[in-house]
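Everything on this sheet refers to the single structure shown next.
When the chains are written out, they are named A, B and C in that same order, and each has its own residue count from 1.
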Amino acid sequence: MSEISNITELKNVLEAALLTSHEPLSLDDMLRLFSEKMERATLRMLLDELKQDWDRRTMELVQVASGYRFQARDEYATFLARLNPERQAKYSRAVMETLAIIAYRQPVTRGDIEEIRGVAVNPNVIRQLQERDWIDVIGQREVPGRPSLYGTTKHFLDDLNIRSLSELPPMVDFVQQEISI
Amino acid sequence: MIETPLNAKIKGEEFTELPKDLYIPPDALEVYLEAFEGPLDLLLYLIRKHNLDILDIPMADLTRQYMQYVDKMRAIKLELAGDYLLMSAMLIEIKSRMLLPKPVELEEENDPRAELVRRLMEYEAIKLAAQQLDEMPKVGDGLYVASAYYQHITQVKPPEVSLGDLAEAWRNVLKRASHYKHHKVGRSELSVREHMSMILRRLKDDRLLEFTQLFDVQNDGIPKLVVCFLAVLELCREGLLRITQQQAFSPIYVQIASDIDS
Amino acid sequence: MSEISNITELKNVLEAALLTSHEPLSLDDMLRLFSEKMERATLRMLLDELKQDWDRRTMELVQVASGYRFQARDEYATFLARLNPERQAKYSRAVMETLAIIAYRQPVTRGDIEEIRGVAVNPNVIRQLQERDWIDVIGQREVPGRPSLYGTTKHFLDDLNIRSLSELPPMVDFVQQEISI
C-alpha cells in the first residue's frame, strides 16, 4: 500500500523538509524522505511544481551547489537584517561636533563650521548626518559660491526625544537676560 | 507499573529482564549494577516484581531480597557503591524497629516504614516524569522548526546620541574656539536659532512672503512672536534675508537674499 | 511616507522572518522588523492572521516560552526523521531523572537531587544539561557551603514546545492515587 497517495502530499513532505533543513538538501537526501522508491525524474518534477507553488511568495526554492533550499526573497533582506543589527560603536568626534554646531548655531554653512572648529570639514561627515536625516539644506547664503545653509530636521528632534531646540541643554554659565518662552 | 528497561548484553546474549532467581553470572554484575539507578531503583524493582504493597511493605521479605542481591554484588565487586550499603543499614534498622513493641498512642503516625515509603513514592513519580519528558518530541529530536535560508546583509545600527552627548560636543567646540567663548547659548537663543531655520524653510517653498505672514498672531503668544521677530532681525543681520518695502505704509515683503539676484 | 502599505506585505515580512529564524522570535524582536512604530496589539492581530493563513499547511505557527516560531506539523515528523537517521543520542536515565527533578521540583540543589534519587550525582550529568542550555544556576541556598540552586531555562521550554512549566505532563502522585482506591 502506498504511504502517500497524492502529489500534493508528496510536495508537502518536500516543503516541510526544505523549510526545516539548515542545509540545502540534495536529490539523494530528498529521496530518503519516502519509504517507497521514487524516480529522480519524478522528484525533479515535484520540485518544479513546488517552485511554482511558491512563485510570488515570501520564499523561493533555489538550487545551489549542494542541493535545493528555500530562501527568503531579496526584498526581505533589509527587514531581516534589522533583527540582528550590528551596532556601530559611536560617532566620531568630528561628526558630533559638527552636529552640535549645526544644532546650536543653525543656520550655518560648511564654512561656518570650519571656522568654529578650526579644521576643514570632511564632506563625509555632513553626508553621514544627512543620511541619518538629522540635518538638511535649508537655503543658500548669498556670498560667492552660494554655500548651503544647514539646519536640523524634525526627525532629529524626534530621535533626541525633544519637541524643540529650546529643550537642548543650554550653555549658559553667567546670568543672562532671557526671554521667557 | 514501571519496569526498569533493561538492555543488557552478556557474552553476546541479550537479556531484557533480570533472571527470576537472584543468580547472577559473575561477570554480569557490573551490567546489572548499571541497569539500576541506585538502591531506591533496585527496591522499587523488587517491590513491583514481587507484587508487594508499597503502603504495607513486608520488611522482612524485602530486606532479605535486597540483602541477597547486595551480598552477591559485594562478593564479586568489592567496591559496591556506598549508597547500596547505606540502604541495607536503613532497611535492617526499619526491620528491627518494627520488631520492638511500640507505645500505643504513637502506633499510627510512627510506622518506621513511613520515610522509606515516602522516598520510594517520590522516586517513582520522578522516574515516571523522566520517562514522560524523554518521550516528548523535542527540537532536535522529533520536532522540526523552520530554518530557511536568507541573504544576510549587515545592517549597521546607527549610534545612539543623547542630549548629554550633544552638549558635551558643543562644550568641546566652545573650549577650543576662543572667539566663541563669550557667546554661550541660552534657551532664548536656541529658540531664535530654531525660528531662523523655520523661516528659511518657509521661504524656500514660498519664495516671497508678506512680513505679517511670518507671524501667527492668532495662535502664538507674545514670547513666541518676539522670538520670531528676533529671528527675522538675526537673519537680516547675517545677510540671509532681505526685507523690502516699495513705499511708506505699503506691504513689507520678506525674501531670501539669494533669490533676488536669480 | 509609509514603508509598507498593506496588511499582506506586513504579514509577508513576518512570515519571512519566522521561516528563516532558527530561534523563536519575541514580539519585541518582530517589532524591530519594521522601521515604523507598530502597536503590539496590531502585531498580535497580524500573527493571528498569519497563523490562520497557515492552517492546514505543512508548518504551523506556534507560541513557545520565548516567542513565536514555525514548526512542521506532527504528521511530517516520521518523514523528516529519515533525513538524519543518526539522531542525537538519547540521554541516560540519570540525566533524564535529574532533569525531571529540576523541572518539577525547582529550585533544587545537587543535595536535593541526591536525596530524591538516593545516589550521588555525577557532575557530568549536570554539565550535560547545562551545555544543552536546559538548566541554569538560578541562585544559592543560604546554608553552609551556599550550594547552587538549579532551575530550568526558557530554552528548555522552547525545546519541549511549551510556554510554561505548567504545561509539563502532570506528575503522578502515587500516594494519593493508591490511597484513593
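The rule is short, and it goes like this: a contact is a pair of C-beta atoms (placed from the backbone, for glycine too) under 8 Å apart; a residue touches a chain by one contact, two chains touch by 3 or more.
Because the structure is a prediction, the values reported are computed rather than measured.
Across all inter-chain contacts, the pair with the most C-beta pairs is A-B.
Seen from the Cα centre of chain C, the chain whose own Cα centre is farthest off is A.
Comparing each chain's Cα centroid with the centroid of every protein Cα atom identifies chain B as the most central. Chain centres here are Cα averages; for chain A and chain B they lie 27 Å apart. Inter-chain centre distance (chain A to chain C, centres taken as mean C-alpha positions): 30 Å. One finds 11 Å separating the Cα centroids of chain B and chain C.
Residue numbers of chain C whose C-beta contacts span two or more other chains: 16, 19-22, 59, 70-72, 76, 80.
Residue positions 144-150 of chain B each touch two or more of the other chains. Residues 16, 18-22, 59, 69-72, 74, 76-77, 80-81, 87-88, 90-91, 93-94, 96-97, 99-101, 103-104, 116-120, 158-161, 168-169, 171-175, 178-179 of chain C are the ones touching chain B in the complex. By the touch rule above, chain B contacts chain C in their complex via residues 37-41, 54-55, 81, 83, 87, 118-119, 121-134, 136-150.
Within the complex formed with chain C, the chain A residues making contact are 12-13, 15-17, 19-22, 25, 29, 32-35, 57-59, 70-73, 76, 79-80, 82-83. The part of chain B that touches chain A in the complex is made up of residues 144-159, 161-174, 176-177, 180, 184-188, 190-191, 193-194, 196-197, 200-201, 203-204, 223-224, 226-227, 230, 238-240, 256-258, 260-261.
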